[in-house]
């Protein structure tokens, strides 16, 4: 199979949603239906180009796009050690994986909002902001420049903040949006401060160039901490998670699904900072003292992850609001990812356990995919129930399985997947995490398994109280939700079942290249920049 | 002079101190309108500092956006809400 | 409440110490450590190839900052323009009429 | 040491802003605090780009001589516009919050919810 | 926000053209002197904000609809992206400064270290300055106008 | 023929077993085992199913002698489902509720606290 490769696919992946966002207000003047179709086409086109890019990157390795110059100059400057002046898009397997997740979530959410948002005003702005948010996420994931990362982070934050406040007649929604914007503004400003600290020492902004030069001075450590903590806050790890349940539960469901993508993009930022920007010492492990920083950072991440898992599950058990419950479950799921990533970070420097570190990292990355799909499906189901019954509180639900047959099936699948029951996809990634953390410390693994069981209990409660039980008289006229919402849920369910049945296929094709792109041993100038030079000289651009 | 500084260096010492004083005022003042004016003063001093640090482009931008539009938006918001900060 | 403020003050003080310390650790004022990227942008004369390089030659603009904003880092400027667009859309969305 | 006073001012600006966000209860005061943090970061970027005895990086104004670093100035321009965008959105949300809750006290609006 | 006294209105309407022209000057000479699209746009937008304060938001909203500002802003953004895409079409990539070196519009290159301010230089940069200037004027003014109008409408309801 | 081989190759790719360096996981094997187990259970169940009678006294609901409620009222509400668990862990929940104040300043305060801890652990210790 030979797909056509364009040298400017990375730019188009971001440019298409941006252009679509600029055109949406004009298109919506003509017709509402046309606008919806237009947005879906734009998302589909973006997805197509992400697919092309993924195919290209997975087959040929890292792909680079230079903005505004002929590439020959850039090759020369890289080879001769001259500074990089322009903004580069550097796309490796990890970026492509995250971009794929964002696009899938965005596509599904756009289809879902066709009927879900039908009765609201201001839909042209809604779709504009939606496309901008997707473009921001994609930019964060593809860019190779620290300042550009900050710019796209801000685009994502502002767009999602305005979307969280979409139902402005509800005070809680506006409140949640304000909390979100305060948190993200402060986080982004500290990220900018860290970028400036790095710039002050090395006079460079490119991630690869910085990564090859970092010396672990005091200022470097300060910058590392600022970056990591701000990104962790944006990813919603305990104890900085409090904005997440507010934002997730107050936003319209379709926006929440896209917000998951934004959160995961911040998580991607953490991965990039830990493994690429500060990953230089990982490449020459044995005789380097700086590895202490990594094991310390990994230990801290594991600690936070365990707290996250426990707190998320325990808080979820008590929630009555459907979406808030799922939000706490999403926090717990986030803990699993960080458990895998943190174990990888701690153990990779240790030659005896490095194999298990790699497995843990793979499990963490695989869990990113699974979490996005599972939690996204659950949020879509919650939105469907809200659409059908105008009810958010679990206390006032009951017996809905009679009216919403398909939705019940989708929820059941999402329930099994999110709580890690075999044979769903959640189990496949969780078993990787359990078995590799067991090698580090059995207690971690035991806590993770116990909390997974508790998570199942939480969702059994939801299933019982919302769908089971006798038919409630007030829900007599409730009908099945419209087709577009069912299609959206169906797409995600199909992907979940596919991944659940063939996990090794996904791991071999997508996850392992991503993990290996993050942890690349060997190389003199720093692995990332080395690979860029190679890809230039091989004509991979 | 003990420190033996020339004029530019003195300005580099005095202006940051003034900026910090203005920012402290902006936080401390109970009257929000006064705080907004303090923010405007801080922005103006900041733009002067930018000019002295050889960044005229940024100085113009900061004077236009920071000192004028930010203040306008803040005052609009204060008019739309409440002027005084409540006590504990 | 005062308990919260006391705990907050302690941690705030720690952060303060680190920030001030890092402010003292940065290279002294007016003497940057490394300037190779910016010097390359500002321009000069290349002795080996006997050519001029830099912003004035490559972009034709006398204002180096403008040439950085619109040429070398033009993509950032696109992002910035997008942010302005996003903010306008957001403000209009927040203040929209809720009834049709 | 005396030359590092601008950096100390940067740290002070950021910390004062952070203080306003953490310890003040009024929402508009918190927004002002975020503005202060942003100003601090901008000042930091510009200070990094200053070279002693340099001229502004514009060939038209004066020839010869060393120039201040242009890249931080470009970054700061971007950062300023981002700042005003975030500020506008935040303040419009504050106006809405005031309409819904009738107060600007951060403790009263959130509330403890299940 | 209702308007202010007649003196303020008169003075601001006399001052406004000067501010406007100064802003346009800053935009146009962005590639030669300090300034550019953002700075000039901010100056013009602050002049517009002055008019807004003097005459009141309801009057201003009657004169300039927010929708028209949105169209202007979209136009500016679209021109900017179009200029960026031109590089993709004719040159090698996004944001390629393709007019430089041609004896075409703004195509001349100044001599190194030259102080002379030749307006006809810098390729697409002046055009981009205009596009961004339009966008920034419309965007910033739209933000201020919408916020002022929304909060003043509320006052009338009370 | 070529197409057939290609399809076969794809299947081989799909059917690989996931190994975790200390164990393995194959969902298809698991599914087939579950199906077999289900069949066995079903056959065992069908042995006793004949003796079960529907119109008997033992089918009726018995609530300690109290009268039976209407069906609509029998639904246990969500907040009562894990009553024992939440009652036992009440102190934990009180603590957590105190933590989730819903105040933005506290959110930022947690950020500052985490930053301070990271500063001390990474900036000073190492």
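Just so it is clear, A, B, C, D, E and F label the chains in written order, and each chain counts residues from 1 on its own.
Keep this in mind: a contact is a pair of C-beta atoms (placed from the backbone, for glycine too) under 8 Å apart; a residue touches a chain by one contact, two chains touch by 3 or more.
Predicted model, so just to flag it, every value in this text is computed and none were measured.
Undergrad: Pick the pair with more C-beta contacts: C-F or B-D?
TA: B-D
Undergrad: Which chain's mean C-alpha position is the greatest distance from subunit C's?
TA: Measuring from the centre of subunit C, the most distant chain centre belongs to F.
Undergrad: On a C-alpha centroid basis, what's the spacing between subunit A and subunit F, in Å?
TA: So the centre of subunit A lies 23 Å away from the centre of subunit F.
Undergrad: Indicate the whole-number Å distance between the mean C-alpha point of subunit B and the mean C-alpha point of subunit C.
TA: 19
Undergrad: Can you compute the centre-to-centre distance for subunit D and subunit F, using the mean CA position of each chain? Integer Å is fine.
TA: 46
Undergrad: Using the touch rule from the top of the page, what residues of subunit F touch 2 or more other chains?
TA: Answer for subunit F, listing residues that touch two or more other chains: 100, 102, 104, 106, 108-109, 112-113, 115, 119, 123.
Undergrad: Show the residues in subunit C shared as contacts by 2 or more other chains, in ascending order.
TA: 8, 12, 15, 18, 22, 26, 29, 32, 35, 37-38, 41, 56, 62-63, 65-67, 69, 71-80, 82-87, 90-92, 94-95
Undergrad: Which parts of subunit B, given as residue numbers and ranges, touch two or more other chains?
TA: Where subunit B meets two or more other chains at a single residue, that happens at 12, 55-57, 61, 65, 69, 73, 76-77, 80.
Undergrad: Let me know each pair of chains that touch one another.
TA: A-C, A-D, A-E, A-F, B-C, B-D, B-E, C-D, C-E, C-F, D-E, D-F
Undergrad: Which subunit C residues qualify as touching subunit F in the complex?
TA: Touching subunit F from subunit C are residues 4, 8, 11-12, 14-15, 18.
Undergrad: Which part of subunit D faces subunit B closely enough to touch in the complex?
TA: Touching subunit B: residues 2-3, 5-6, 8-9, 12-13, 16-17, 19-20, 24-26, 28-29, 31-33, 35-36, 39, 42-43, 46-47, 49-50, 54-58, 67-68, 73, 76-77, 80-81, 83-84, 87-88, 91-92, 94-95, 98, 103-105 of subunit D.
Undergrad: Quick check on the complex: what are the subunit A residues that touch subunit F?
TA: The touching residues are 178-179, 182-183, 186-187, 218, 221-222, 224-226, 228-230, 232-233, 239-240, 242-243, 246, 292-293, 296-297, 300, 311, 314-315, 317-318, 320, 355-356, 359, 393-395, 397-399, 422-423, 427-428, 431-432, 435-436, 438-439, 457, 461-462, 464-466, 469-473, 500-505, 507-508.
Undergrad: Under the definition above, what is the set of subunit D residues touching subunit C in their complex?
TA: Per the touch definition, subunit D meets subunit C at residues 1, 3-8, 10-11, 14-15, 18-19, 22-23, 47-53, 57-60, 67, 69-71, 73-75, 77-78, 81-82, 84-86, 88-89, 92-93, 96.
Undergrad: Please name which positions on subunit F make contact with subunit C in the complex.
TA: For subunit F paired with subunit C, touching residues are 106, 109, 112-113, 115-116, 119-120, 123.
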